[in-house]
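Note that chain A is present in both complexes that follow, paired respectively with chain B and with chain C.
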Partner chain A sequence: MARLIRTEKEVEGRYEEVWLVVEEDSLDQWPAGPREIVGRDAVRIDGRERATGQAVYTADLQKPGMLHTAVLRSPYPRARVTSIDLAPALALPGVHAAIGPGDIEQLTADCSFQGEAVAAVCADTLGQARAALRAIACEFEVLEPLLDPDEAVRRGSLLGEARERARGDYERGLAEADVVVEAEFRTQVVLHNSMETHQAVVEWIGEGVEVHISTQYIWGIRDAVAQGLGLPADKVRVVCRYMGGGFGSKNGPDEYTFIAAELARRTNRPVKCALTRREENTAAGNRNATIQRLTVGARSDGTLTALGGEFVNAVGWSGWSSGTEGPMQMLYACPNVKTVTYGAKLNLPPMKAFRAPGFVEGTFGLEALLDELAAKLDLDPLELRRRNHTDEAPEGNEYSGKNLLECYRRAEPHWERRHDVRARSTETVKRGVGMASQIWYGGGGPPSYAWIRVGSDGRATVVTAMQDIGTGTRTAMAQIAAEELGIPLEHVTVTLGDSDHGPYATLSAGSSTTPSVGPAVRAAAADAREQIEEIAEQRGLKGASVAEVVDVLEDAQILGKGARGPNPTGKQVLTFGVQVAEVAVDIETGEVWVERIAAVHDVGRVINPLGASSQIEGGIIQGIGHTLSEERLHDPATGRLLTTTLDAYKLPTIADVPEIVSELIDVPDQHLTNLGSKGLGEPPIIPTAAAIANAIRDATGADVRQLPISREEMLRALREAEARQKEKVGAPAGV
Partner chain B sequence: MQLTVNGHQYDVHGEVGTTLAEALREELSLTGTKIACGEGHCGACTVLVDGEPVLSCITLVHAVDGARVTTIEGLRAHPMIDAFVRSDALQCGFCTPGQIVSAVALVESNSTPTTEEIRHAMAGNLCRCGAYPKIEEAIRTWQG
Partner chain C sequence: MELRRASSVDDVRDGELLLAGGTELVPLLRSGLVQGQSLVMVGTVVPRAVGPGKIGAGAPLAQLECDPTIPEVLREACRLAASPQLRNMGSLAGNLLQSTRCWYWRLNWPCRLHGGDECFARDGEHREHAIFANDYCASAHPSDVAAALLALDARLRTTTRELPLAELYRVPTEDDRRTTTLEPGEVILEVSFEECEQSVYLKAMERKRWAFPLVGVAAVRRGGATRVALAGVAPVPWLLEDGLDSATPLPRNAYKVDVARALVKRARATIGA
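Now for the complex of A and B:
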């Protein structure tokens, strides 16, 4: 039965109230624990296609007559185009069309960040398009950029209003504290660097367009393209069967899709617009930098009495101010919390969501601050967190399910290793262990739908227009369908990634695909199973296998459909976890090695433990890059970007990977859908930086306050710790 | 120019400046070889030229006239493919063909590489999804 409800919809920590038609979720959850197929390791059902190079990504599309595009982008953070002449480009061989400022909304003469698109050319080959681009005569008047986030806040250059959130009486909480710790933390700009750059191939067919695009959200692209081109949404087909990573950066069509659409319209040919790696690392989104000025007050037993923070998100020219204050608001029982968050509007390339936006940054600040407090109080950091644990959501409504204490319990053996790890320190290489907690969303929500068809061969095809961005959701859906139908996993295929094939499914962001689409797939499979059981009854084959029951159907098919039911009313659906890091620090050079990370996460029922462990490892490895080596740098004087290539921007390699131990609580959230599963894409990257910073403190006594923890930052923190130590033992006056 | 690609002889007509990766992908439609950075920094475009791994995105096709080239399409029956799938050594899969070509080059010269040797040989193949622990496992267990 369909029902109209008013509900909160959450994506990447941002809530909006929406009207939704939901169908009731009438299936009981399976009992906890591994089933025949669900809860057991499954290799990716599309692993071979991807490994052999047969999987066709957007980057691999070759359409007859397809033209290639090069885009002229502003080399300056702020500049005005004073003159532009496209004619010399159009005169060159192979060139079919050129467009400039004003031809479409996405091309501009007023450039507000480096990489903003000014003009574009398409030609038979990419080489010809690039040569034509160089022939465009374009003059810029360079203007003074605004680059400093604090300066932007002072001047009122903000994206949206400052966000103030408070509970209790912060000032009174501070007054009640025995100890107060204040610290300023800074995090850097991090680049997504998906291996497949942002790109689209657009072709006008009949009255509509076909858009092949590397995206995390085919339905979002469909709507945005329809709106941008003034078409009915059903005249826009969006296809993405395989895509080479997104990490939050590929939720929208961006400028390149509209450039390709306009050039395709003008030339009546399919047109590809693909970003180069350098364009990707200039203007295709980033995790924005933050400044966090934090305060914690606590009683001498460690009970938190006040938490406060001023957060500045250096958003860039556009985007949104992510929930950097979220962990401070949500993680602990503290009764008095007051935060203010500013989104600084700057002449820097816009941010985009990047794997748990805000919470990665905010957890680094909060959890490093908590360990500074633990050190001051001479308390065990794990014990400090236990003392401030809460099973009642501090913001009011109940948790749908929370097993953070169990995560702490499971982390104990890893935490206990710290005595042995410290003992392996030498004169110049100090070792230590640190931990950090994790809180994030990941419950998904309606709407999402799935269809299923079962043929007379007893094989099933799941049809749903979702994406698999590399997280293994295609395989998880096959497992759920196979489990519900009672057929082997090899007998299920999954068709996805095409808005013309199958019903709506949610975006692959916010750790939402499995918890949103999975229950719909199970409902569709249950619908088909019930029909098969009816046929079995009529054939006197009750209890027989699906294949035996349907083998007389010839070309007839059993069709099932399913929808994602509502989230539990009045409950917060969140994910939790803890990570324990072991590090070695060379105190002479400032070099830091991560030697081991143990992760324990609570995401409800686990569909595929093998795929889940891969998600955890991948999140941790990105987190290590974020903590130690990755940084998008700009020249502070001119704002010009300095790290657009992969030799300048340091991604982790296989040689940087420590031992990683991953564990999952694997208890279904009993209030959440017919599966009790939450998402796991984002949680593992959240606590990594803080756990490493806290391990560094354990090893050396130094408080690192900035990401990445470069050798410079490490040596600064070591010198500061040394000075503090000298002060403590009382250096003679005048020395 | 002539190239022997995966055992088949081809006449290749690339313009001056055409890279081996472009010739393979555009002229021969062998799109298993990926271009992720286009400037020799990431390893996604790795192919074997006369048995040695090279970065095809920064190798001019004219420089390898007459060479024997093996791409991922020529390694479909190689046990390394199964090892990667079995170990879940891929996520989005875009870097995977390059990873597998580099891994095959390694085990062809050293069938039982140590962890250190694997890390040394594979450090030029970036994987943003972070499948590294399982790539290491796949190469360690490639013989099944």
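Now for the complex of A and C:
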């Protein structure tokens, strides 16, 4: 039965209160452990299409008469367009339309960050559009940009109010501490670098528009486009069948979709607007830089008495101030915690969510700080974490399920390797092992729906208007349906990625697709299965296979529908984990490389272990890039970006990828839905940077405080450690 | 834009841009850093034979990295350059003539190399930039191969002359912003060098593969003498004559001096110098 509830909805650590109609989730969870299909390795059902190029991504789409767009963007972080003339562009061959500031809301003459869109041209070919763009006469008055996050906080240039969160008595906690460690950590701007850049093809058909777009949220695009264009939502069709990466940066329509829509309206043609790699790495979002000024107080046995932090998120011109303080607030039992988080509004390109926004940065700071504490107390870092573990959520709500201690236990054999790893050090290459814990959301939530149809051939089609961001959720849905129906995986097809085909499903962000849509798919399959069982009974075929039961149906179909039930009331649904990194540091050249990472994560029931290990590997590799080589730089004087190409912005290569061992606890969260599954998209990237930094300390004694850990930072930290050592040795003996 | 095939090395017309592997020229054209309307393909007319002590300038790096007659310093410089795909295309001479990776230059800022009156890197982001000869222009020369050949004391034969490799390069000055001495229409044909006893190339980069050198160190021992040349430390491939104490690092690239010092020490130890 449907029920109207007022509930909190969480996405990427941001909560909002919403009204929801939820349907009761009447199915019992399957018993723990691998089933016939669920819990067993499945290769991607669309792997062949993707690998052979048959899968049509937005970037592949060619519609008859389609025009191509080039966008004029501000080359300056802050500038005003003093004059602009589109006429020379319109006069060039192949050009169909040009639009400028004010023609649509997304084009402006007052530019507040580099890459902000000013004008756009569409033409028969991309080459013609680019030539036309160069012909636009545009004058900018360059204004002084605000670039320094601390300065922005001082001036009160903030996105939203400063966020203060406190529990207990922080000052008293510090007073009770035997040891206090303070440190400042900095993290850099990193870029999503999705293989498929942000893009959309928009065509006006009848009274509505059809939008093909590389997106993580077709329903969000549908609503935003409908609102932006003043259309009823059902006149907007949004399609994204295959996706070339998003990592959080493709949750909304952005300027390019509205540019394509306006140009399509003016030309009565389908129009594609696709960002180039340079545009992508300028204006399509980023993980913002942070400054974290952290303090930890502890008793000599390692019990935390106080945790405090001032967090500055260098958000850029817009976006939101992510939960960088989250790990400090949530990970440990510490009774006294006080944090303040500022979102600095700067003349830099806006951040967008990037795979566990805030928690990746905050975990680096917190978990590196904890190891500095462990070093000071001469405690085993794993033991320090165990001593401060909590089974009661420090913020009040109970945990729906938590197996972090089990993660620690499973990490032990990897942690034990540190003695052997250290022993392999040479005079110049020091080796060490470090660990870090992971906490994050990932429970998903309602609403999400799925339909299923079973034909007389015994084959099933799952229909749901979700999108597979590339994580393999399409395969996971097929596994769930096949398991519940009791038919082979090859007999299930999944139709997704089209708002005109099937019911609403959640956005693919916040590690939410599998835990949100999966239970709806199982419910739909169960609905169909029950009908098939009734037919079986009538045919005297009880216990027979689905194919045998339905084989007389001819054109009749069994239709099932299912909905995602509510989240457990009063419980926090979180994911946990731990990673253990083995690194080598060349102490003369500052080179750092990672030799092995073991990851143990707790995300409830695992649907597809093979897909899950891919997610873990992907998260760790992206995390290694974040830790060691990636950084978007801007010129300090002007704020103009310097590293927008892939030769200057250094993603990890396959040669940088270490041995990765992934393990999952695979115990269903008994309170969460009919599956007990949580999401795994984000957890694996969260602890990687801290684990590497802590392994560096284990190897060398040096405290790295800044990402990326460049040679410059590594050599600085080594010099500092050496000076500290000399001081110690030189100090008078005694006390 | 016109593209034609040269019939011989002398078949190069005024204003034509020479195209061999294209791995450097094509991106420069696409970003508008090199202007030109006509390209002439010289890959088939420039020698590409590889023999002991003598290499055709058109030989792709991929061929050099696995040829046992090539000294280790040059093989390793090739192996550590770029990616396999780029090395399959990129030619030896093209590698020697590549432009700096200075981001200001690549983004077409009006810097001194582009005829302007400022080096933006000196006061700006210069962590990958030069630590020698950097007072006028702080760009760093990116060629691993050039450092290896400089350490080998290689000579070049062009369509008009023979010269030591060192004389191919010049540190840009106020009066002359060029970084090479190549004349218009002059084509590098061949690189030659004497045998050596031991040699090595060591490279520091920001990831394990496919990155330009932060510091590359080429060292060659021949008779009693050792020649050490560096990549990525000056606007030109840099022959290390006075050691690293004479380096003039900028505030954010002093680490390069430490890295270079460590690699030079290792390189010397490796070749028994």
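Everything that follows uses one rule, which is that the second predicted complex is superposed on the first by the 730 of 735 C-alpha atoms of A that agree within 3 Å, B and C clash if a C-alpha of one lies under 4 Å from a C-alpha of the other, contacts with A are read in each partner's own complex, and residues count from 1 in each chain.
Heads up, the rule we're going with is that a residue touches a chain if its C-beta (ideal position, glycine included) is under 8 Å from a C-beta of that chain, and two chains touch if they have at least 3 such contacts.
Since this is a predicted model, take the numbers as computed values, not measurements.
Superposition of the two structures on chain A shows chain C fitting alongside chain B with no clash. Once the two complexes are overlaid on the shared chain, A:710 sits against chain C while remaining clear of chain B.
Shared-chain residue A:655: touches chain B and chain C both.
By the touch criterion defined above, A:629 reaches chain C but does not reach chain B.
In the superposition on chain A, A:441 makes contact with neither chain B nor chain C. When both complexes are overlaid on chain A, the residue A:647 reaches chain B and chain C alike.
Considering which of chain B and chain C touches more of chain A, the answer is B. In the superposition on chain A, contact is made by A:637 with chain C only, not with chain B.
In the superposed pair of complexes, A:621 makes contact with chain B only, with no contact to chain C. Looking at the shared chain after the overlay, A:591 reaches chain C, while chain B stays out of its contact range. Once the two complexes are laid over each other on the shared chain, residue contacts for A:332 go to neither chain B nor chain C.
Superposition on chain A leaves chain B and chain C with their closest Cα atoms 5 Å from each other.
Overlap of the chain B and chain C contact sets on chain A: residues 645, 647, 652-655. By the touch rule above, chain C contacts chain A in their complex via residues 83, 101, 103-104, 106-107, 120, 123-125, 127, 204, 206-212, 214, 252-253, 255, 258-259, 262-263, 265-266. Within the complex formed with chain A, the residues of chain B that make contact are 15, 17, 25-26, 29-39, 41-42, 44, 71-73, 75-76, 81, 84-86, 88, 90-97, 100, 118-120, 122-136.
Put simply, chain A touches chain C in their complex at residues 428, 586, 588-591, 593, 628-629, 633-637, 640, 642-643, 645, 647-648, 650, 652-656, 710-712, 715-716. For chain A in complex with chain B, the touching residues are 43-44, 46-57, 59-60, 62, 127, 192-197, 242-245, 247, 276-277, 469-472, 610-611, 613-615, 617-622, 645-647, 651-655, 657, 660.
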